[in-house]
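Sharing a structure, written as structure tokens. Questions coming.
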Amino acid sequence: MMSDQAIHKIPIDKRDPKKIFAVVAIIFAMLIFAVIYLKISFIEMFMGLPSFVLFFFEKFFPPSTANLKQYIPEVINTLGYAVISTYISTIIAFIFGILISKNTNKFITLRVITRGFVNVLRNIPFIIWGALLVYIFGVGGIVGILALILVTIGFLSKSYAEAIDEISEESLEALRANGASYLQILFHGIIPQFVPAWIHWTLFAFEINVRSSVVLGLVGAGGIGVLIDTNINLFKYGEAITIVAVVVAIVLLTELITNLIRKRFVN
Amino acid sequence: MNPLLSIKNLVKVYGKKTRALNSISIDFYPGEFIVVIGPSGAGKSTFIRCINRLVNPSEGEIIFDQNHIEKLSGRKLRKECSKIGMIFQHYNLIGRTNVIKNVLHGQLSNTPLFKSLFGLYRHEDKQEAVELLKKVGLQDEIYKRADELSGGQMQRVGICRALLQRPKLLLADEPIASLDPLSATIVMQQLHTISQEKNLTCVVNLHQVDYAKKYATRVVGIKKGSVVFDGPPSQLTDAIIRDIYEGKESQMELKNTNGMQSEIEGECSIQWAGGSNDE
Amino acid sequence: MEHIRVTSKGSISKAIFLILILAAIFIAAVKLIDLDISKFFERLKNVSEVLKRMMAVDFSVVPDTLLNIVTSLALALLALGVAIILALILSFLIASNITPNRSLAIFIKGFFAIIRSVPSLVWGLMVIASLGFGNVSGFVTILIFAVSYLVKTFTGSIEETGGDVIEAMRSTGASWAKIVYHGLLPLCITAFVSWITICFESNVAESIGLGIIGVGGIGLLLTQAISSYDYAQTTTIVIMICLLMIVLELVMTRIKNRIKFGKQ
């Protein structure tokens, strides 16, 4: 029998309040540690915010459109790097994707090795790959494309593998009952069902590659980013912001096109 | 008469303890229409999938057409199993591929990869595919994507695909469980007619016992991995059915609540096509 | 013998057309860019030399590296913390199904789309030009990246899954704040946690990458090792970065699963 007192104590939450409190406290502690360790003063930042915004607009505006035409070759370079690297990566990533997915590769050792290799490619940030490859191979467009390819393979292989994993095993079961060979099941069963995901991820990779190839120049591998850096170093801020605007235009345009393609083909 | 399919001491163990199939021995003869009944989890699905090696048995022999298929692997296994057609509860078609290509998958075991990729199947195969689709009433949907069809239509495509294998044995794992009563009746009727016309042995998993009684020449009841009943439908009393479904009575469907059933069956038994009804 | 087609009329020619266009794009790209292929192959001869020299490991740089890892992690964490707060507020204000002011929402969404289209290294260049080198610039740059990412993903989740809950709660007469706090927040929290873990991993990657332009952290250390042609140090630092990212991914996956499937 519940007493009147007990009725008031009906909890509406089953979770352990002490645990939640502990977790939140730890997170707070880590944040405060970070602030102290980095020697960042938030108060200074807050107070400095208006002057930073003013300063920023003063320096970088008005944009100077004098040399607009000179940027065109670099724009083409940027887009071209993205196109080439996406094309090459998609083929290689598809093969890796098949090797990583349980649906298509029954040999667990091979799966684990491929996944490990792909993880190494994925986990190293793109620009570090760029720096490393320039270190090894020297500067140049090809090196930049190579860096893009490595990173994109890392990203796409995992995404492709996850998409292949999601293909229903039942439809593949039917093909097995029909007596189809492994390759036939791959081409008639897996690939048709994989196409929408393939389009989605490949377009996504292309968008990322356009952004990445903008900054490739910062490690000496070409791309419009190099112009931004040079102009800033020469204190030509107006020019720099114009180029940034050009970059924004390219990226937004790319997004627009990829969205259109998506709507058209992934019905 | 030699049995078409002879199963001896079939055992399937999952993990270390779960005995899905408990030493089943049974023979199936040409021309029979066998319906397997039993509650879910009894082992019906496992049993039927062991026959064409979609599931590999732990022990036992499977002798199909005088061949020990439990010992085969690779190309030889595929060749033998291509003589066994199968239709599934969820139709298992390739949604984005069109109807006729799905049906032609039935002949993949006899078509080299390269040719199949470009649709270069043999003319006889393509012709027979179109004929089969006509017979089930789908001649207007040949180039439609499979996922644009209704459930009943998809199952009929599945039947055509299995039949294109020109099989000696047709397996069906709960073929009507996902269909509305109207489509279900059409599909069962067509299966039965095909079996009789082509003298094709059929093994069908069903949990609707009334369909079992209506169409089967022989009923097999499986309970907890063992065969507990094997005989003509006339011997299948309500008491035996209750025993098979002991503990899971909610899964029995003794009486069909759809009064239209017998009318439709009358129409269907004359020809196969019933396509216009279930769109 | 009449020919029976396997595909519907015109789909073969459409397919061929598509392939031709794709091929044309690729060929155009290759022709239009200045690729110095000959130079590249010349330098290939030196590659084996360089790789041999990179096979060494220099453990003396490890303590420095660890300190820098802490810096990078701290920057990433701090930016994440602030970004979460900002993104939570903003995304509930601009999600189309619950925004109090449509035109403001569209304006802010456009604003963030533009912010997102500038790659973070470019932001880094501009922030450093305005604020100088130092941790503050690093923090601000990563913050810009993190906020725009979280705002996009949070808003996406709210718009995708919130519709029914909002409808139901509106019919009970709940205010905007109540709908957000009692309805949408519990609904979206697992998706949000997913986005947050991904954001943290990306933040760490960004913070490493920003080292190229001078932001403190392990990226800067690596850049310095590379410019001084210290092969052994470079290799060591790269290996440590690799280990860091792998450990990070494992930890994040664990946290994600813990929260998804309930605290044990």
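A, B and C label the chains in the order they appear, each numbered from 1.
Note that in this section a residue touches a chain if its C-beta (ideal position, glycine included) is under 8 Å from a C-beta of that chain, and two chains touch if they have at least 3 such contacts.
Not measured: the values here are computed from a predicted model.
When the interfaces A-C and B-C are ranked by C-beta pairs in contact, the top one is A-C.
Distances between chain centres, each the mean of the C-alpha atoms, put C farthest from subunit B. With centres computed from CA atoms alone, A is the chain lying nearest the middle of all the protein shown. Each chain gets one centre point, the mean of its Cα atoms, and the points for subunit B and subunit C are 50 Å apart. For the pair subunit A and subunit C, the distance between mean C-alpha positions equals 5 Å.
In subunit B, the residues that touch at least two other chains are 101. Among the residues of subunit A, none is in touch with two or more other chains. Touching two or more other chains at once is no residue of subunit C. For subunit C in complex with subunit B, the residues that touch the partner chain are 1, 4-8. Partner subunit B is touched in their complex by these residues of subunit A: 170-171, 173-181, 183-184, 187-189, 192-193, 195.
On the subunit B side of its complex with subunit A, the touching residues are 52, 54, 75, 78-79, 81-82, 84-86, 88, 90, 92-97, 101, 105-106, 108-109, 113, 116-117, 158, 161-162, 165, 171.
On the subunit A side of its complex with subunit C, the touching residues are 15-16, 19, 27, 30-31, 33-35, 37-40, 45, 52, 55-56, 59-60, 73, 76-77, 79-81, 83-84, 87, 119-120, 123-128, 131-132, 135-138, 140-143, 145, 211-212, 214-215, 218-219, 222, 225, 228-229, 232, 237, 240-241, 244, 247-248, 251-252, 255.
Of all residues in subunit C, only 25-26, 29-30, 32-37, 39-40, 43-44, 46-47, 50-51, 54, 70-71, 74-75, 77-78, 81, 113-114, 116-119, 121-122, 125-126, 129-131, 135-136, 139, 205-206, 208-209, 212-213, 219, 222-223, 226, 234, 238, 241-242, 245-246, 249, 263 touch subunit A in the complex they form.
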